[in-house]
Amino acid sequence: MAKAAQLKVSDEVAISIQQMNKWYGTFHVLRDIDLTVYQGERIVICGPSGSGKSTLIRCINALEEHQKGSIEVDGTLLSSDLKNIDKIRSEVGMCFQHFNLFPHLTILENCTLAPIWVRKTPKKEAEETAMHFLEKVKIPDQANKYPGQLSGGQQQRVAIARSLCMRPRIMLFDEPTSALDPEMIKEVLDTMIELAEEGMTMLCVTHEMGFARQVANRVIFMDEGQIVEQNEPEEFFNNPQSPRTQLFLSQILGH
Amino acid sequence: MAKAAQLKVSDEVAISIQQMNKWYGTFHVLRDIDLTVYQGERIVICGPSGSGKSTLIRCINALEEHQKGSIEVDGTLLSSDLKNIDKIRSEVGMCFQHFNLFPHLTILENCTLAPIWVRKTPKKEAEETAMHFLEKVKIPDQANKYPGQLSGGQQQRVAIARSLCMRPRIMLFDEPTSALDPEMIKEVLDTMIELAEEGMTMLCVTHEMGFARQVANRVIFMDEGQIVEQNEPEEFFNNPQSPRTQLFLSQILGH
Amino acid sequence: GTLDDVKERGKLNCGVTTGLVGFAAPDANGEWKGFDVAVCRAVAAAVLGDASAVEFVPTTGKTRFTALASGEIDMLSRVTTWTFSRDVDLKFDFAGVAYYDGQGFMVPKDLGVSSAKELDGATVCVQTGTTTELNLADFFRANNISYEPVPVETNAEGQQQYVAGACDVYTTDASGLAATRAAFENPGDHVILPEIISKEPLGPLVRHGDNDWGDVVRWTLNALITAEELGVTSANVGEMASGTQNPEVARLLGTEGELGAMLGLDADWAKRAIETQGNYSEIFATNIGEETPIGLARGLNAQWTDGGLLYSPPFR
Amino acid sequence: MTTLTDPPGSTFRLSMLLNDTRYRSTTLQVIAFILLMSAIFYLYSNLATNLREAGLNISFAFLGTPAGYDINQTLIEYTSQSSNLRAAFVGILNTLLVAFLACIMATIFGVIAGVLRLSKNWLVRKLMAVYVEIFRNIPVLIWILIIYALMTIASPSPRAFRGDDATASMILDGAAITNRGVYVPGPFFTRGIGGEDGSVINWLLVIAVLIGSFVVTRMVTARANATQEATGVRPNTLWTNLAIWFVPIIVLLFILGLAWDIPELKGFNFSGGLKVGAPLIALWFALSIYTGAFIAENVRAGIQAVSKGQTEAAAALGLRPGRVMSLVVLPQALRVIVPPLISQYLNITKNSSLAILVGYADITATLGGITLNQTGRAIECVLLLMAFYLAASLIISAVMNVYNNSMKLKER
Amino acid sequence: MSDTHSESVRFVRETSLPPAEPPVAERGIYKWGRENLFATPANGALTIVALYVIYLVLSGTLPWLFNGLWTTNSLSECREVLDGRTGGCFSVLTERWNQLIFGFKYPPDQYWRPMLAFVMMLLAVAPVLFFDLPRKMLIITALFPFTAYWLIWGGTILVPLVALLGVVVGYIVYSRLVTQNFALGFFGGVAAAIVFWVFGGWIVDSIGVANPMLEAVPSRDMGGFMLNMMLGVTCVSLSLPIGIALALGRQSSMPLIKWMSVIFIEFIRGVPLITLLFVANVMLAYFFPPGSGVDLFLRVVIMITMFSAAYIAEVIRGGLAALPKGQYEAADSLGLDYAQAMRLIILPQALKISIPGIVNIAVGLFKDTTLVSVISMFDLIGMIRGPILASTEWNGVYWELFGFAAALFFVVCYGISQYSQWLERRLATDHR
């Protein structure tokens, strides 16, 4: 599969992170991160808890601010200019561990909210798009229910559809399956795989190694705020170089 | 293992329940329960939800009163006489599904509270005993923390240690692992197995069939407030007699 | 000035008490009635030509001065004592004395008290925030006897306390005492003690510095008094206006001279006031006089010609 | 944001004031500041113009001039010649007195009603529910008026005690409930130090002995704890403690020659003994019973917040119900009860400002009432009044925060 | 394990026992009485004490209630008729009914106006309080302030009409501009509305309708229970937006704005309402431009609104804090700006959580409107303490009047608090 995936990688740079550093107060969370993601690449980020994985991808769409270095998304430099931030956020979709659907809105309203208010799409059109993506994640029939009436897996798929409705060029996932019961993990992963196959650029923090093997072009291992190792999945799993990676893999696969 | 356990059963009766009946209002929860538990026996009670398992063991240490029939614990008849109730309660330890540690007291204070106020043990002695049992459940280093600072598994082990500090002759467990995450279930079951191996008389409501096979002398199946079937674990699991037991086991093991 | 404001508004805002029968109180239909009310209406009649063009603003002891100072009301006609500090320090102008009063005491007859000097150790109900309260303190201090004050907010509350026996004595202006006693089931069971411990000249007041308006109020009041002196009543005022021999009456009623214009009003101003409200004695008689439940005698409030203190400057 | 990634040499543009996160919040704050200042300036200039037109000024000199009025209940010495400032202090002390008394009484009412609301007894439970609902849902002002009317109208006046055909009589020949207040026998010392007219020293002595007893009982308790720790058995301290509380004080009072000054009907009023004025009682009682209903709900919620599992676990360990209450339930319930309790105390303090309805001389009645009326210094008086209440509230909430932080349950 | 045991261990129930009736002692009224009234001797004693208390209360009030007179003309007449028996003189209620409800100056032939406004209010709040009602009813809610103003105060219809049109114009401008930028839309809308009002006010003034359809009634003439209702409803609804703004301000990351909100909230919460009413009464007039003549009602509304806004702000702050951080982040990551996130995501949820708290504040505030009687306004209590008790006929009727006031407030406040409890239960189970 990794082969198939690689075929689609282009030369166009989607995200370029250079010498990026971030501190929480005096705590140095991210240290000299350098990362270039090409259009159509699928990258899986893994690493022990607290290693800064979430922080990294939250920096990419400016949910957190970084203090040093540069982040450029689709040619737009992430600066303090609100216009740039808005531009980047509307091109980058994000899925959270706890879905974060809006509980007071129906599924459909969840999906049309941002297109209507941010992209200024007419309501009708937004709803059509929403239905299209809800079909894609296989829950069009739930469109008029409220999030609280759905199972966790369904909610996460709605969250993905909600992001897709903004027609992002890049998707970020932060442990999308870790709050789900085992039965539901698969349905969400399937959705993500489908997305990957369509050539979406994806950055995904996950410990689902099966998923990583199947769709990732590259696996990145982080520890203590640094990128310790990155490689193609096959190589990464079968032949880890750094001792920290080896330790981590032995724990995670042994479990 | 079952063999090793059986060796310790004596002829001395620990609990003797005869023709016991209980109603909640007009709802007949327990119907004609007859049960004799011998010193050193380990009994696992299982059955569908609402079948009266919890009610049964709560009747044994008078957390609920029964309306008909008799319960005798270690030769003391459970009546409305407060003295008898006190005597029985200080000889019967109990662990709950939700641990019910006292959140305003440290782990050590949780363990010494009852010995000091009920058994009139000097504080120093009570603390030594407590430390002994905390070591036994493998968390002596947490003694000065508060329950809120511990994980669920650790809390349940503290709850067991707290009961043991009263040096009970009989221990009752009401689904001690059902509120725990899978990783933590094992540590609690290990503690219980250790206890069983030391010859403690135990009545345990649980759906952990592995545990039942490993330590129980007898498995009791309850349904609609009645004891429907009881048998040695091997026989019980491999060769259930009653159709209701068969149905229940097929559900629980198939799951 | 205020005069122009009032004319433009077409309504006079007049501050009164929240309820003191005889002086200012709404009746069962919500119509304001009373002595102070009549003064307000007379001014309204003089200035606006309509005695009903008055907005009565109920004020308490606490709020009356702010209401006037802040312009919420144009004049205050509320049993308010003319004192030095109110005139000078609080910056108000008293337009004259409408009623000469004095503070007195009322006690139940069965206490057997006949003089205020015998009140040592008594419990006294007094309305807070009034000069009464200060006079009371002074009186007992001067006579070196003790008492215990029970402060009450309104006359009605004082009455309630006094009737229930929570205080032995009720003190307020003598007119108020009479009015209060009149409301009792058995007025005869209560006596008003002979001592009048203070001078309480009550009159309408306006803001300091607006002399044009002050003159209007002052001379409206004087017109009512003069009318009595000259025998002009609400009944005969029309007749007198059409033909009178008395030059002062003619000046008062505007058939001779330019007095109205000097005030910034028309010639009929005083005539209207008298026509609608009656002269001083009529106002007195209908609201607080001996025929009413309040039953006050003219006493000090008689014309100077009858041995009283009412003495209006001449209309000339 | 301190991102260092802005294009180098990018020049400052005006639109960046709103569109750049670095400047945006400053811009907004400057705008807010300007708006605030212009509002303040506008109000201030109106005030200045109005005062100038009325020929008034703001000055606190009136605080030094004699107040001129008398106050019926004073905790410090006060005559009509004292200054307005002193009258204000009398008011402050009276406010604190009634607030303090009402806090205690409201707590007692609230705890009793709250506990009884959880009683097993159906009738009592319902009765308490009725109490809580009735008192919570009717304005405190109406309660004050009703209870004051009860005091003044329904209880006899001193006159009723007089004569042969007296319609009222004293309780046990020592206490009288009248509509001017409650008269009870007042203690004094016949053999007191420093003359017969009860010098303060005697009372200080009594207080000292009581404090001594308190300290000793604490020591006894500590000893009992130590004994329990050592031997496991807790000695019964009840009788010892009772003895420590009562024996020394009785001996002292005997030595000083304690006697009771019985109130007696003399002249217009009862004289002698201790008098608690009707206004104080009415306000005190009304505030207590009204706030008590709220406290009852807090207490109930606090006890219910302790899960049933806690009681069961304690019972399963063999603890008796009394001990379960004192060792397990109460310590946990208190954490839930105390914060809202303190805000109820705050409410009592603020509601005590309704004292003017009953003629009780609290700060609102003296400074904000009579002084304001007599001097006409409305602005100054109201400002001082608000400053006092604000200070009181801030102090109480500061205490509350300290308590809350110290009692927080430790969690992961 | 001995062999004997292994025999006894096996047990299979062949026949199922049917459920049986509990023993007699465990059934029916007997059991109920034993468990609920006489579980222990102490409990039994408590029951007897409680019964005695109930007896005392009822024996005191029932004769008074049932012997009550409803048709006499004065207290002395009452006393004559009762002739020494216990009994209330409720005729004061029937005789002064209109005064108690509407105050003593509202024109009697216009009473239908406040009544109609009251009925409209019920219709207007219904869709706010009960989410299940058709959303279309919110139109009534939106129109209510204008119609109610016109009904109660009367005068020319042009005033509320201009006010309404101003709001409509403001809203149109707002919805045009808001798609570009919220701030632009908001301030543009407000500015448009203000321009319209100024212009409209000028036109209305110059037309100067001589014969308005409804007779104008000045606010000074409002009184009685109607005044309490008006103050309560007006102040609570006005304080909601202010409370929201304060709560958001207090959560703001901008220190100046945060501290302005904190100081305002803590200051207001630190002083008793009565002092704020004193401010309205004796101070506030000095803060308005000379000669503007803002009347007492308006000044009191301003102060009470500030008071309740501070308390409501604290409730809403609790609601905001209860929302998971993820909601803010999700809104951010979708590209919504601050105003959109607040309006579309955060506030709808936070407000819903806060409703029970807000209702409690509203009940408290409604009770506190009685304090205006202290500053010589004739609300229900003011009417009782003032004109009615001062009148010669009814001087001395306390219990009937206070009892009536208490009962009236109880009915309203208890009703509302029951609603809030119902709502709390419902929100707890609501999965949406």
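Note that the chains take the letters A, B, C, D and E in the order they are written out, and that residue 1 is the start of every chain.
Note that in this section a contact is a pair of C-beta atoms (placed from the backbone, for glycine too) under 8 Å apart; a residue touches a chain by one contact, two chains touch by 3 or more.
Note that the structure is predicted; figures quoted are calculated from it, not measured.
Counting only contacts among the remaining chains, removing subunit A from consideration leaves everything joined as one piece.
Touching subunit D and subunit E together: A, B, C. Comparing the chain pairs B-D and A-E, the larger number of C-beta pairs in contact belongs to B-D. Comparing chain C-alpha centroids with the centroid of the full set of protein C-alpha atoms picks out E as the closest. At the far end from subunit A, in terms of centres built from Cα atoms, lies C. The rotation that brings the Cα trace of subunit A onto that of subunit B spans 165°, given to the nearest 5. A separation of 42 Å divides the Cα centre of subunit C from that of subunit E. One finds 85 Å separating the Cα centroids of subunit A and subunit C.
Mean C-alpha position of subunit C lies 43 Å from that of subunit D.
Measuring from the averaged C-alpha position of subunit B to that of subunit C gives a distance of 90 Å. In subunit A, no residue reaches two or more other chains under the touch definition. Of all residues in subunit D, those that touch two or more other chains are 50, 149, 153, 356-357, 372, 378.
The residues of subunit C that reach two or more other chains are 62, 66, 70, 160, listed in rising order. Chains touching one another, given as pairs, are A-D, A-E, B-D, B-E, C-D, C-E, D-E. For subunit D in complex with subunit B, the touching residues are 228-234, 307, 309-310, 312-320, 323, 327-328, 331-332, 335, 409-412.
Touching subunit E in their complex are the following residues of subunit A: 61, 63, 86, 89-90, 92-94, 96, 98, 100-104, 113-114, 117-118, 120, 146, 148-149, 162-163, 166.
Contacts from subunit D toward subunit C in the complex involve residues 50, 54-56, 68-72, 79-81, 149, 152-153, 156-160, 179-180, 266-269, 271, 278, 356-357, 359, 361, 365, 369-370, 372-374, 376, 378.
Contact residues of subunit E toward subunit C in the complex are 76, 99, 104-105, 218, 220, 281-283, 285-286, 290-291, 293, 295-296, 375-376, 378, 385-387, 389-392, 395-396, 398. Of all residues in subunit A, only 65-71, 77-83, 85 touch subunit D in the complex they form.
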